[in-house]
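Presented sequentially are two complexes of chain A, the first with chain B as partner and the second with chain C.
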Partner chain A sequence: MKVNCSKDSLLTGVNTVLKAVSSKNTLPVLQGILVKAEDQHLIFEATDLEMGIRCMVPAHIEKEGVTVLPARIFSDLVRKLPEAPIELELENDILKINYYESNLSLRGFDPDEFPLLPDLNGEETFVLPVDIFKNMIRQTIFACSTEESRPVFTGCLLQIEESNLRVIATDTHRLAYRIAEISNPENCKFQGIIPAKTLNEIYRLLRDDEENLTIRFNEAQILFQFGSVVLLSRLIEGQFPNYKQVIPQSCQTKLFLNTRLFQDSVERASLLARDGNHPNIIKLSVESERLSIDQSSDLGEISEIMNIKKEGNDVNIAFNSKYLLDVLKVIESEEVLVEMSGSYSPGVIRPLDDPNYLYLALPVRTS
Partner chain B sequence: MSQLTQALIEVEERLNSLLEEVQRLRPYVQSLEEENARLRRELCALPQQETERVIANAQQIQGVAHDNLERLYNEGFHVCHLHFGQPLEGGDCLFCTGFLMRD
Partner chain C sequence: MTRNIQILDIQAANQIAAGEVVERPVSVVKELIENSLDAGATKIEVVVEGSGVELIRVQDNGVGIPAQELPISLQRHATSKIRSIEDLNTLGTLGFRGEALPSIASVSKMEILTRPQKEISGAHLIFEGGKEIEFLETGCPPGTTVIVKDLFYNTPARRKFLKSKNREFGLISECIGKLALARPDVAFTLRHPKTIVLQTPGRGQLIDSVGAVLGHNTARRLLEISYQKGDWELTGFISPPDLVRSSRQSEYLIVNGRIIRSSVISRGILEGYHTLIPNKYYPITVLKLKMPPNQYDVNVHPTKMEIRFHEEKKLSEFIAEGIRQVLMASHPITPFSKESPHRESLAREANFTSKKINSQKKMNYSKEVGFSWGLAGIKAQEPQDINRTLEPNDSLITQDSIELPILQKSNLVHTPQESKLDSKPIENGSHLLVFEGNPVQITPETNTVQIPKDTNLANRIQENSSPEADNLNPQEYVSIIQEEDIEYNPLLRLCPIGQIFQTYILATDEENLVVIDQHAAHERINYEKLFQEHQKKPGDSQMLLIPTPIELSPGEEEALLEYILVLNEMGFILEHFGTRTYLLRGIPAYSGPYAGETLLREFLDHVLTNQIPPRMEELLEEWIYLLACKDSIKAKDNLNPLEMEQLIFQLSKTNNPYTCPHGRPTMIQLSKKEFERRFYRS
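Take a look at the complex of A and B:
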C-alpha cells in the first residue's frame, strides 16, 4: 500500500468509525481500525460486532493494500499530525506515516482476521428524509433505558407502515412518541428496535446538508447509508411492549404553558431540589389560573409562580425534574400542552401546535 | 349388439353406481343433522339464571384479581406482563399503571 492524502481525510475517516471500535477486551483485531487503499479512496472500517461503520475518503492511491491499525494510538497520532501532505506506506505489517521529513511507523494487525461487514445487498430498501429522521431521534432517544438487563428498552422502536414513520422509546417510567408522514409508494413495512448507541452515532454523523438516508434491513440487522458512510447495526431481539395501551385517552386537567418559561422555572426549582430522600423531585400545584412550584431543601428555598391558562380540575403532582426537562429541551414550539388526571396518572406533554409528538411521564408518589 | 345399445348399457351402469354412492352417504348426512340438532338444544337449555350467575362469578373473580394485582403493585412489584412479579426499581411502571387503569 502506498497512499498520498491530507490530514483532514485521515481525520474524517478515523473520527467517523471510531465509536464502533470495540471497547471490550475481546478479539485484539476488533480494537483496531481497518484501513484499505482501493480505487482512489481510503476506506476505514471498525466494528464491535454489534455495530459496524465504514467510511470512504478521497486519497491518491499509488499502490492498493490493507491493514488494521490499533485504534487508540492511530487516532491520537492522526489528530496530532501537521496540516501537511501525508504519505502512508505499508511494508509487511508495518505502516509508515511520512510527513515533511519526519516519519513514524505503526505495527498493524492481520487484516484477514478482521470481520467482514455484510452489506445487506438484496434486502429490502427504503429511503428516509434526513431532517425528519434526525429530529425524530432527538425527540425520543433520551427516553431509552440504559439498563442492559432489559434490552428492549435500550433502543428505539422504528416502525414504517404505509405512509407513517414512527419512533418510540420508553424506559417504563416515561415514553416518547413521534410520528411523521412519509412517502411510501412501494408500501415498505418495517418494525425493529434499534440500539440507542446506533441512533446516537447516526445522529452525530448525519450532516444537515444531507437529504436522504437509505436503510436496508433483514430480521436481525439494519444498515444505514448516507454520504460516504455505511453503518450496520444489529436489531435488539425481543418484543417491544404495546405502547398504545399506556397513552391516556382522556384527562382531567389541561395546562397551556409557555415552553421556555416553564422550562426555566423547572430548572431553577430542580437546582434547589437536592433533598437526600427525594433528589430531583419537584412538586407542581395548580390552583385556578396559577401554577406554582415550591421547593425547599438545606440549600434554601424557591417559590416559582406562573400565570397560566387552564381547563379542568386543580391538581397537585410531583415529577422527577429530569423527566420534565428532558422533554422541554427538545420541544421547539412556543407553547406546550400538559394533560394530567390526578396525582398518580401519567402526565402527557405535547407541543401545542404539533399533533405528531407526545411524551408521557409517570408522576412520583409523595406522601 | 349395435354400438348405440352398448353405449346405453354403459350409461346405465354408471348411473347405478352413482345411485349406490348416494345411498351409502345418506345415513352419514342423517347422523350429522341429528348431531347438529342435539347441540342446538343443549345450547339453549342453559337457563337465563345460570348464565347470569356465571357472568357475575367471572366479574367477581376479575374484581378480586384486580384488587390483588393492585395490592401487589403497591407493595412494589410489577404486574405488567413485561416483568410480572419482579421488584419495581427506579419508580413506578407505565405499563403496570396502564394495565391497572384499563379495567
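Take a look at the complex of A and C:
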C-alpha cells in the first residue's frame, strides 16, 4: 500500500469511524481501525460487532493495500499530524507515515482477522429525507431507557408503513412519538428497534447539507448510507410494546402554554431538589386560569405561577421534572398543548402547531 | 398382597421415636442433663468414653426417682413434668414429652441408679434394648445416675452415620457448654474419661460459665448487657465490635433457661451490631432472655432447639436496642495495639506501630503537620462573660468573625442546627472557642496541648448556672448545653492537634491520643445524614406506562400478599394479573439507581429470610454507602484546624462515631499509659 493524502482526509475518516471501535473486547483486532487503499479512495472501517461504520475519503493511491491499526494511538497521531501532504506506506504489516522529512511507523493487526461489514445488497431499500429523519431522532431518542435489563426499551422503534414513517421511544416512564409523511412508491414495509447508540451516531454523522439517506435492512440488521458513510447496526430483538394502546384518546383538561415560559418555570422549580441522586419531583396545580408549579425541599420552597389558557377541569398532578424538561427542550413550537385526565393518568404534551409529534409522561403518585 | 394395618409393638415405636430424639450421642447427653436439671440438681457430672457410643454417664444430685416409679419412667409418654397440654403454657421444665428415657433405652444398654434424698437405699434398674433385665435395691448416693452403654448397638444404620470420635465428643462438650451457660447455678463437670474437659463452679455467676466455655481471656473482654422492657428482660454478655468471629458459632441464646436457636433473635443481634462490625462477621454473644412462657411456643421442633415467638418483630427490635445501647455506652474505639487475631487484616490497616513512628524520625513536627496548633487552658469564663458573648450585638466577636476569611469558611460548613461549636479567633491571636454556648479561651502555645484535667465542662457549666446567670433564658440554656454530651460523649473532649499523612487527624483528650481516619469519619457522618434523609422520603410512586409483569414463586406471592400495604406505602403499585403473576404499575420514586423489579424482589427475599419486611432505606443501603463515600473528604485532602474540629464535632453527633458504615474503625487510640509503657517510664 502506498497512498498520498491530506491530514484532513485522514482525520475525517478516523473521526467518522472512531465511535464504532470497541473500547474493550477480547478480540484485539476490534480495537483497531481497518484502513484500505482502493480505487483512489482510502476506506476506513471500525466495528464492535453491534455497530459498524465505513467511511470513504479521496486519496491518491499509488499502490493498493489494507491494514488494521490500533484505533486509539492512530487517531491521536492523526490529530497531531501537521497540515502537510502525508504519505502512507505499508510494508510487512508496518505502516509508515511520512510527512515533511519526518516519519513514524506503526505496527498493525492482521487485516484478515477483521470482520467483514456486509453491504446488505439485494435487501429491501428505502430512501429518506435527511432533515426529517434527523429531527425525528432528536425528538425521540432522549426517551430511550439506559437500563440494560430490558433491551427493547434501549432503542427507538422505526416503522415504515405506507406513506408513514414513525419513530417511537419509551423507557416505560414516558414515551415520545414522531410521525412523518414520506413518499413510499414501492410500498416498502419495515419495523425494527434500532439501538439508541446507533441513532446517536447517525445523528452526529448526518450533515445538514446531505439530502437523502438510504436504508437497507433484513431481519436482524439495518444499514444506513449517506454521503460517503455507511453505518450498519444490529437490530434489537424483542417485541416493542403496543404504543397505540397507551396513548390516551381523550382528556379532561387542556392547557395551552408558552413553551419557553413553561420550560423556564419548570427549570426554576426544579432547582430546589437537594441533590442529583434522586428524581426531582414537582407539583403542578391548575386552578381556573392559573397554573402553579411547586417544589419544596430542605433547602426551601418555590412556587411558580403562570397565567394560562385552560379548557376542562382543574387538576393537581406531580411529575419528575426531568420528564417535562427533556421534551420542552426539543419542541420548537411557540406553544404547547398539555392534556391531562386527573392526577394518575398520563400527561400528554404536543406542539400546538404540529400534529406529528406527541409526548407522554406518567405522573408521580404522591403520598 | 394387601398389608394389614397394625399397631406397632412398643419397642418398634420407641425406636422410631428415638430416631427423632436420639440422633447421636450428644442427644443422649442433652436429654439426660435436661432431666437432671428438671430434677433440681445443683451438681452434674458427665463422663464420656470415646465418642459417647461406648459410654455416657450422667450423675446428678437431684431429687431422684422413687423405686416404685422407676419402671414407669421407661414407658413412653410417662412424665412427671406436665399433667395436661395446658401445662405447656406455664412450662417451667426443659422436658415435657416423656420420650427421652424410653427412646434412649430402646437403642442402648441402659442402667439407672437412683435414690430420692429421703430414702435410705436406692434402686438399680438395668435395661437392654428397651427390655428390663434386672431391678434391684442397692446402695447409692442421693440423686440419679444414668449410664448408657453401647448406644445404637441394635440400630447399626444409625451407628454408621456417626462422625469421627473427636467430632462427636466435640458436639457433646459444646452441648454441655451451652447448658452450663444456661444454668450458671449448676456445677457441671465433663470428664473424658479421666481428664476434666469442662468445669463450671456453679456459683450462679454467668461470667464464670462464660469463662469456662469461651475462655477466660475472651470473657474478660465481653461487655455486660442488662436491658428490660415490659416483661421482657435481657441479660448476658456481648463482645465489643473489635472481637468478632467468622461464624455464628459463638452466638448463645438462652430463653428462660433453655438453649435455643432463633433466626429472629440472630437478626436482632446483627441489627444491634449493624455497621459496627464488618459484613460476614458475627459477634460473640451470650444472651439470656426472660419472658413469660405464654409468649412463645417450644413444641415446634423435636429437640426443642427452635422456638417460635409470638411477637417476632418486636422481639428482634428489643434485642437490637439492648445491644445497641451497651455498645454505644462502651465507646468502642479500636485500641491502638491490641490486635485481634481474627481481624488481622483490619487491624493491620488501622495499626500503626512504634516502628513506623521511628521511620518518620526526620519528621519536623510543625512542618510535616503544616502547622502547630495547641489548645491550652480551656478556661470557663465568669457567668457575666457568658452573657456578654451570647449578646448578639457584641462587637468584638461579630467584627472579627467577618474579617477573617477562614472563619467564613467555617461558618459555611455548619448549618445552624449543627453549629454548636464555633471557633472564632480574637484579636490577641488566641482562639475563643464557643463551646456549646460556653466560651473557652484557647491560646496557641506551640507544640503543647494542655487541657486541664478538671476540664469537665459540664461541671463548670453547672457551676455557672448560679443565680447570677439567671438572666440567661433557662430553656435556651438547656437546649444549648446538654450535659450528657460532655459527660458521656468522650469525643467532645477531643481536640485536634494536627493531620498526618494528609489522611489521619491526631487528636487528644489529654488521656489518649486518638487517630481519626478523616475519610472514614466523614463517611460515617454523611452516611447517617443520608440515611435519615431517606427515612424521611415520602412513598411517592413513579407510575409506569408499560407495566412490568412479575412472576412469583408461591412463597414470594405469600410474602407479597402479606405485606402488600407496606409495599404500597413504599410506592409499589401492584395489580394481580394471573396465577402468581402481578403487574408492577408504579415503582418507588426515590429508588436510587435500582430498577423497580429488582427492589421488589429484594424486598420479598428479605421477607422470606427474615420474616420481617425491610424498610426502603434498608433496601437502598448499599447505594447510600456509595453516596456517603462519594460525598466524603478523601485521604490526601488537606484539612485546616477548623475543618478538623468540625469533623470531630459532627462525628460526635452521630449515633455511632466509632466505625465507618462498612464496619471499619473511624478512630484508634493510644492511651497515655500505653505511651508510658512503651517508653519504659513506669
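Just so it is clear, the second predicted complex is superposed on the first by the 362 of 367 C-alpha atoms of A that agree within 3 Å, B and C clash if a C-alpha of one lies under 4 Å from a C-alpha of the other, contacts with A are read in each partner's own complex, and residues count from 1 in each chain.
Quick note on the criterion: contacts are C-beta pairs under 8 Å (C-beta built on N, C-alpha and C of every residue); 3 or more make two chains touch, one makes a residue touch a chain.
Note that the structure is predicted; figures quoted are calculated from it, not measured.
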Put the two structures on top of each other at chain A: do chain B and chain C fit, or clash? clash
Counting only touches as set out at the top, which of chain B and chain C does A:P115 meet: first, second, both, neither? neither
Where does A:H173 make contact in the superposed view: on chain B (first), on chain C (second), on both, or on neither? both
Quick one: classify A:R365 as touching chain B (first), chain C (second), both or neither. both
Which chain, chain B or chain C, ends up touching more residues of chain A in the combined arrangement? C
Go through the superposed model and pick first if A:P279 touches only chain B, second if only chain C, both, or neither. second
Could you tell me if A:N320 is touching chain B, chain C, both of them or neither one (first, second, both, neither)? both
Where on chain A do the contacts from chain B and from chain C line up? 150, 170, 172-175, 241, 246, 320, 344, 346, 360, 362-365
Any idea which chain C residues touch chain A in the complex? 533, 537-546, 548, 569, 571, 573, 586, 589-590, 592, 595, 597-598, 627
Contacts from chain A onto chain B in the complex sit at residues 150, 170, 172-175, 241, 245-246, 320, 344-346, 360, 362-365
Which chain A residues qualify as touching chain C in the complex? 147, 149-150, 170, 172-175, 241, 246, 274, 277-279, 281, 298, 318, 320, 344, 346, 360, 362-367
Mind listing the chain B positions that touch chain A in their complex? 80, 82-83, 90-95, 97-99, 101-102
